[in-house]
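In the two complexes below, chain A is the common chain; its partner is chain B in one and chain C in the other.
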Partner chain A sequence: MPFVAPTPPLPVGPMPRQMTSPPTLQQPQWSTASAQHRENSVNLLRDRQLLRTHGSEPIETVAPPPLGHSFPAEANCNPDVMSCTMNAVPATAELLRRSRLPLGLAMHPFKDLRSLAIIQANVIVRCRDCRAYINPFVRFSSQQRWRCSLCFLDNDLPEEFLYDPISQTYGDPSRRPEIRNGTVEFIATQEYSVRPPPPATYILALDVSQVLSPDPAVAKSATAYLTAVSQTLLRCLDRLPGDTRTQLAVITFNGVLHLYKLDGPRPSLLAMPDLDGDSDLPMPEGLLVTVAECRDAIVELLESLPELEFPAVPGCCLGSALAIAHRLAQSSGGRLLLFLASRPSVGPGALSGPAGSDSDDLAGQPATDYYKRLALDCCSAQLSVDLFCVGPGHTDLASVMPIAVYSSGRVHRYPHLPDDADRLASDLGRHLTRKLGLEAVLRVRCSNGYSVAAFYGSCFVRATDLAALPCASPDAGFAIQLAVGDGAGTAGASEPVVFQAALLYTGRKGERRIRVHTLGLPVATRIEDVFAGSDQRAIIGLLAQIGAERIITGASRLSDSRDALVNAAADPLAAYARATGQRGAGGLWSPPGIRLLPLLILALLKWPAFRPSVGQLDERAAALAEVNFFVGAAPVI
Partner chain B sequence: MSILVMSLCLAGSLALLFLAVYLLMTLSDLDCDYLNVREACDRLNKWVWPEAAVAAAVPILLLLTLHWVLFLLSAPLPCYLIYRCLTLPKGQIGLFDPFEINNRNYIKRAMYFCTFKLVHYLLLFFVLLYSIIYYLVAGE
Partner chain C sequence: MILLTMIARITDGLPLAASLQEEDRAPNLQEYQSKAKQLFRRLNVSSPSRCSLESGPYIFHYLMDRGICYLILVEKNFSKRLAFAFLDDIQAEFVNQYGAKVESVTRPYHFIEFEQYIKKARKNYTDSRASRNLSQIGVELQDVQRIMVENMDEVLARGESLTALDDKASHLSSLSKKYRDDAAYLNLRSVYAKYAVFCIVLLLLFAYVYFKFLW
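This part shows the complex of A and B:
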C-alpha cells in the first residue's frame, strides 16, 4: 500500500497588512471531518514503507501552518531552530491528557544561521508587563499602541519604531524587521549588562598521567592525544574568537599539578607541591596571559608539549586542577577544555572504590557529588567546562561528567586513540573556532495559560523558565516541557498561542546581544486536530532528553526509563484509537504525524545511552551526556 | 517522670513547628525569586538532618515511657523523613539540589509537604499540651 504523505499547507502570498483588519486565523489543513481524517491514518501493522524514499531526509520536517493574512509570511522562526511537539496546541489540560502526547518545545537557540536580521535601536521594544519582545504576532491598535501577543496588554510604541531602516520609509510599523521575521537579534543596550564584558578566556587542562605508563600502547595513545591537541591549538591560535584581550592558560597534571609561566620570552614549568585546592597560586600573574602579547612563549610551549618531561608522580589529581583553573578564571569566566585520561585518584575529588558493573541498573549515575558542587562554582564564575575523555581505560566518566553537563559544556570520548586522533583534532578545532556566547541566559515566555514545567539540556536552571549558560554553544539543544493551565485558550480560537525564546549573550567582540525566536501556533479544541498536528521529530527529541536527564540525576533507574519510553510510544496510539473510535478495526492506526514514533523509540532504546548493557560504563556515560546535550535539536537514527 | 518527658517532646515539637515555618518561608522566597538558588538550597539542606533527628527523638522518648497512642501518632513522619535522607542518589547535592529544584514542580511539591509537616507538628503540639495538662490534673 503506497504511503500517503500528509498534504502540505497552502502557500500564503505576501499581502499588505492592514492595521484595522479584524483578526482572521486561516483554519489549519487538518481541521477536517473525522472520515477524511481516518483516510490519512496509517495502519502500522500493514504499512511497512514509512520512511520517505525521496528527498534528503528520511523524516520530513513539519513546518507549522501559516496563520493567515494578518501575519507576515516569515512570522515563524525556522523549524530547525525552534519547533513544538504539536503544531496545534491543545486549549485545555484535559485535551492534552487525553491525547497522551508530551507538549513541549525542542529548540536550538544559538544555531549558526545563514541569514539573521540584526537590529540596533536606542530602545528595545518590550511589553511592560510580561517583558516579551515585540514580535510578528503583535497587533497594532493605532500608530502609537501595540497589543502584546502573550499577555494581551496594550503598550506604547516609541517614535523611532515607525521608521523602517531597510526601505527607508516612515509610517508603517509592520514593515520593521522585528515584525517581519520570527528570528531577530538585538544589540543590547547598557542595562542588559551586569558587568563590563570580560575578555574571552581559554584554559587548557591536560591529563598527562598516562604518558609515563609502562604499557607502550597506553603511552603511545597519550602522546598521540598531546600531539593532536597541540597541533590543533597551534593551527587555531589566531582564529580563537575574542577581541585583542583574549587570554590563555595551560595546566597539566598527573599526580601533581604543573603550571606554566608564559609571560617571559620562554615558558617555564612550575610544579605545585600542594594538592589542596585552597592554597594560593604560586604567583599572581604570568599564568593566565594575553595571547596577543605572549604569543611566542605559547607557541614554544605547544610545540614542545608532546615531548615534555613531566615529573613522574603516579596518579591523577583532577580536583586540584579544576580548583586552580577555577581560581584563574574567577574574575573573567570563559572556557575550560579538560582532557581526562585516567580515573581521578589523588587529591580532592578522588574516586575510590570498585567500578560498578555495567548491567547494574544504577549505571550512568555519579558516585559522588563533588563534581556537581564544582559545576555550581563554575556556573557562578561563568566558566564553562568541556570534557574530552582520552583514556583507554575506565575513567569513571559518569562521576566526572557533571562538571561539564551542568556548566553548559559538552562531553566527548575517544577510547581508541592513535586511530581517533583525527576525530579529536577536528572536534577540538570546532570547539575552538565556533562562535562564542559568554555569560548567556535563556528565557522562554509563553502565552497566558501556558507555562514552562521543566527545562532539559546542558545548562543551569536558575528559575523555572530561565537557564544560565556560562558559554552558549551553537551545537547545543534544549527541550522544554510545557504545562497547560487555566487561562489557556481564553482569548479565543482566533488568536495564536505564542512561544518566545530569548538568549542574551556576550559575543566575540565583547558586545551584548539578544537573539529572539518567536513561534506562533493555532489552538486546537478537538482531539483530532491535536493528533493531526503532532510532530514526531520534536517529540522524540523531548523524550530522549527527558530519559537521559532522569538517568543522569538518579531520579529513575535504567529499566524504569526504558519502560517509560516504550509507554510513551504505546499510549498515544491507544488514545488515538479511543478518540477516533477505531478500536478493534483490525490494525494499529496512527495519525501521520507520529507514524514513525514506535520506530524512533526502538532506535533510541538501542542507543548506548539506553541499552541494557553496553561494553564499558564510560561509553554509556558519554552517550547519556551526548543525548542530554543536543538531541533536542534533531534526532539521529 | 512522664510529665518531664512529655515536656521535652512538647519543646521538640515546638522547635519543629518553627523550623517548618522557616523552611516554608525559604521555599516561597525561592519561588518568588527573592532568594537565589544556591543560597536557598544551602539553607534548606542545612536543616534536613537536624529535623529528622529531632523528629525521631520524639517518638523514641514516648516509646520509652510507654505512651502507645502518642507514639503511634508521632512515629510515621520521622520514619518517612529518615527514609528520604537515606535513599538520596549519591550524585545529588543534598535533598534540595540547586540544579534540580526548579524542574518539574519540585518547589511546589516541597511546599505542600512543608505545609503538611506544619499541620502535623501543630496537632502534635496541642495533643502533647493537653496530655500534660491531663497528667497534671490527674496526678493531683
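This part shows the complex of A and C:
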C-alpha cells in the first residue's frame, strides 16, 4: 500500500521577492550541538514502541525544512511526487561516505495530482547551457535576466514572462506560476515533437492454451479469466483514453496464432500456422481498427470470446504473438496487454529446461535474453507491454518478465483464478482507464557538483539521466541514485541544491506536454545535519528498487542482495554512533529520521521478492517486478 | 504513392494535421518533414496558390487557401492531376469541418483527428484503378500546365538571397543619401570660402576709403 506522509505546514504568506538583493537561506532548524542531538535520537534497544499504533498508520517522514521566506510556499514539489533520501544534502563525497546512507531521489513523476498548474506559452524558458526549466529557485538579477539555480549561468528573460496570466498583472516575474509552484506542466511547442502524435493503440494478446486442457479446474480458470477480461474491456471500451482515432486489435494464441479481422460487419478468425516465418501480416488492413468505426464487430467478438472454439493445437507460441503485435503497432506505438497462462513452448522465444528449485540463488534471473531484446525493439517502436500472468502452473515468469520491465509495463500475477477474477477485473479496469502518457522520456538534472549515478525502475535507461518510457503510468515509481562530485557546495551554504525531473509525454488528445518537478534542499556541511535530515521512506524505496534490479538483471545473487540490505541498515547506525561519539555508551542509538529503518528492512526481507524460499518461482519473479515498478511498495507494517 | 500529407497555418507555420504513410519500403521521411516545415515558414500570401516543388526523387505539391497550406509528398511518377484532385478533396473537407476554428488554436497538431479522413481519401486516390478516377475528375481541374514546377532548394534559398538583396538595396539608398548631403555641404562650404575672400577684400577697401576721406 502506498504511504501518505503528513507534511508539516510550510510558512505561509511569502513576501515579494527582492529584485536586487540575493535572498538568504534561513538556517535549518535542527540543533547544532551534539548533546542536543543525543536528546533527539532514539535508543532502539530500549524504546520498543516505535510505531504509535498497529497497522494502518502511515510511516512518518521528515519533511524538507522550510527554505526561508524568500522562496514561495509551494516552491518544493509534493513529497509524494519526489523526495530525497536526505533533506540536507552533503556538501562533499567524503561526508556522504562517512554517513553510510544512500543519496538518491524517489519519485512518481506522472502521479495523479489534484491540482496542477498548466502553462501555455509561446516560449518555454530554459537555461541556455544546462537546459533546465525555469523554477522557483532561480534568482532574478534584473527585469530581463535570471540566474539558473543549477549551473548559475545568467540567461535572458523573454518579454512575455513579465506578464502574469493568473492575476493579470504586469511587471513582477516572481508572480508567474512557474516561479510559484514546484510542479508545473507546460504545453510543449512544436520543437518537442519528433512526429505527429500517433493514435492511442491498444492490442490485446490472450493465451488460450489452457482452455482445452483435460484438467477441469485449469479449464475453468482459463474460461474465468477470459470472461473477466472481455467483461472489463466491454465496460471500459468507451472510456479508453485517446481521441476518435483510438485503435484496437485482438490476438489469441495457443500452439498457433489467431488473428481477428474486425473491419467487416462481423469479426472473423484467421489462424496463422506458420510461426517462424518473418512476421508479415496476412492482410494490411482490418486487423488493427478504429474503435469508433468498428465498434459492433469488436463488441461481438468480446462477447463471444469466452465460448469461442479455438483450433486445438497444444503449446504456447508467445514469441510469435509478440512479433505480430510489434508489427501491428510499429507505426503508432501504444499499449500491449499480454495475458500469459502457460510457459511458452513453441516458436521463437520458446523456453525449456527444468524449473529449478526455488531456493536456488539464481532463481530470479531470465533463462534467455530473447524477451529483453524484443522489449528493446518495442521500446523503439514506442510500444509498452503489460504482463498479466493468469496461469495456475509455472509459466517461467522470470524469463518472460523482461518484456514488461524494459518497456515501462507492469507485471501482475493471479494464480488462484476463479477466486481472483474480481481482482483481475478491477486491476485491468484501472490499467485501461488510467491516464496515458505515450512516447514519454524522463530526464533528471541536478545542481553543479551532483550527478545521476544510476536510474532504477520499469523503463529503458538510454543514458544515465535519461529514461525512455513508451507509456508512462501514474502508478510507476523510479529511484535515482546520486553521486557527489567535486563542484558540490562551491556556491556557498546559502544556495539550495536543486534537483529537477522533467517528463515529456503525449497526452490522450495528442498534445505534447512537459511535466516538471523541482526540489530544492539546503546543503549540510556537518555529519550531524546529514543524519538529522535523513528520510527513511525515501531510503527504503531506493534500497528496495536497487535490490530488485540487481536480482532481475543477474548482477548479484539473492543471498548477496539480502546481506547488502542488512548492511544498509547496520552501517548508518554504526556511523551515527561514531559521529556522535556514543560508541560503547550502551544501547543502539539512531537519529529520529531513520529510527524505523531496521524494522522496514526486516519487513522487506520477508517480502516474497527477497525471501530465501517461496512456494513458487513465479511468485518471486512477480514480486521482484512489482518492487521494481513501484517505489514505496514496501509492505505496510 | 502519397508518402506524406501536412496541413499548416501560413501565418506562423503551426502544423494543424499530418499523416505519414509508414511502410517498410518507404524511406526515412524525417528530412522531408523538416523541409516541409521550413517551406511553411517561407510561404506568405503573395506566393503562388498552387505549386509543385521537386526535391530529390520526390515531389511536393501544395495548395494554399484562406491562410492554410495543404502539402503532399509523392513519388515522381504520380500523376499531377491526381495529386491536385486529392489536395482539393482534403481542402474542401478540412474547411468544412474546422474552417472557423483555425485562427484561434495555439497548440501544434490540434486537428490531428483529421488524419482519419486523410487516410481514407488517400486510399481512394492511390488505388491502382486510377484511370477511372482520372476520367471522372479531369474535367473539373484547372489547367495544371500553368502550375509552376520549381526546385525546392531554390525556393528555400531564394528567400535568403532576396532578403540579402533587400538589405543591400536599403543600405545603398541610405549611403547615397548621405553622400548627397555631404556633397551639398561641401559645396556650400566652398561657396562660402569663395565669397568670403571677395567680401573681406571689399571690406578692407571700404575701411581704407572711410578712414582716408571721411575722418
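In this text, the second predicted complex is superposed on the first by the 607 of 637 C-alpha atoms of A that agree within 3 Å, B and C clash if a C-alpha of one lies under 4 Å from a C-alpha of the other, contacts with A are read in each partner's own complex, and residues count from 1 in each chain.
FYI, a residue touches a chain if its C-beta (ideal position, glycine included) is under 8 Å from a C-beta of that chain, and two chains touch if they have at least 3 such contacts.
These numbers come from a predicted model, not from an experiment.
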| item | value |
| --- | --- |
| Chain B versus chain C as contact partner of A:S167, first or second or both or neither | neither |
| Partner chain in contact with A:S304 - chain B first, chain C second, else both or neither | neither |
| Partner chain in contact with A:Q120 - chain B first, chain C second, else both or neither | second |
| Between chain B and chain C, more extensive residue contact with chain A | B |
| Touched partner set for A:S426, first chain B, second chain C, both or neither | neither |
| Residues of chain A contacting chain B in one complex and chain C in the other | none |
| Chain A to chain C touching residues, read off their complex | 120, 187, 189-190, 193, 195-197, 199, 243-245, 290, 330-331, 510-512 |
| Interface residues, chain C side, partner chain A - complex | 14-15, 17-20, 22, 33, 37, 106-109, 112-113, 115-116 |
| Contact footprint of chain B on chain A as seen in their complex | 365-369, 372-373, 375-376, 380, 399, 402, 406, 453-456, 460-464, 552-555 |
| Residues of chain B defined as touching chain A within the complex | 33, 36-38, 89-94, 97-100, 102-105 |
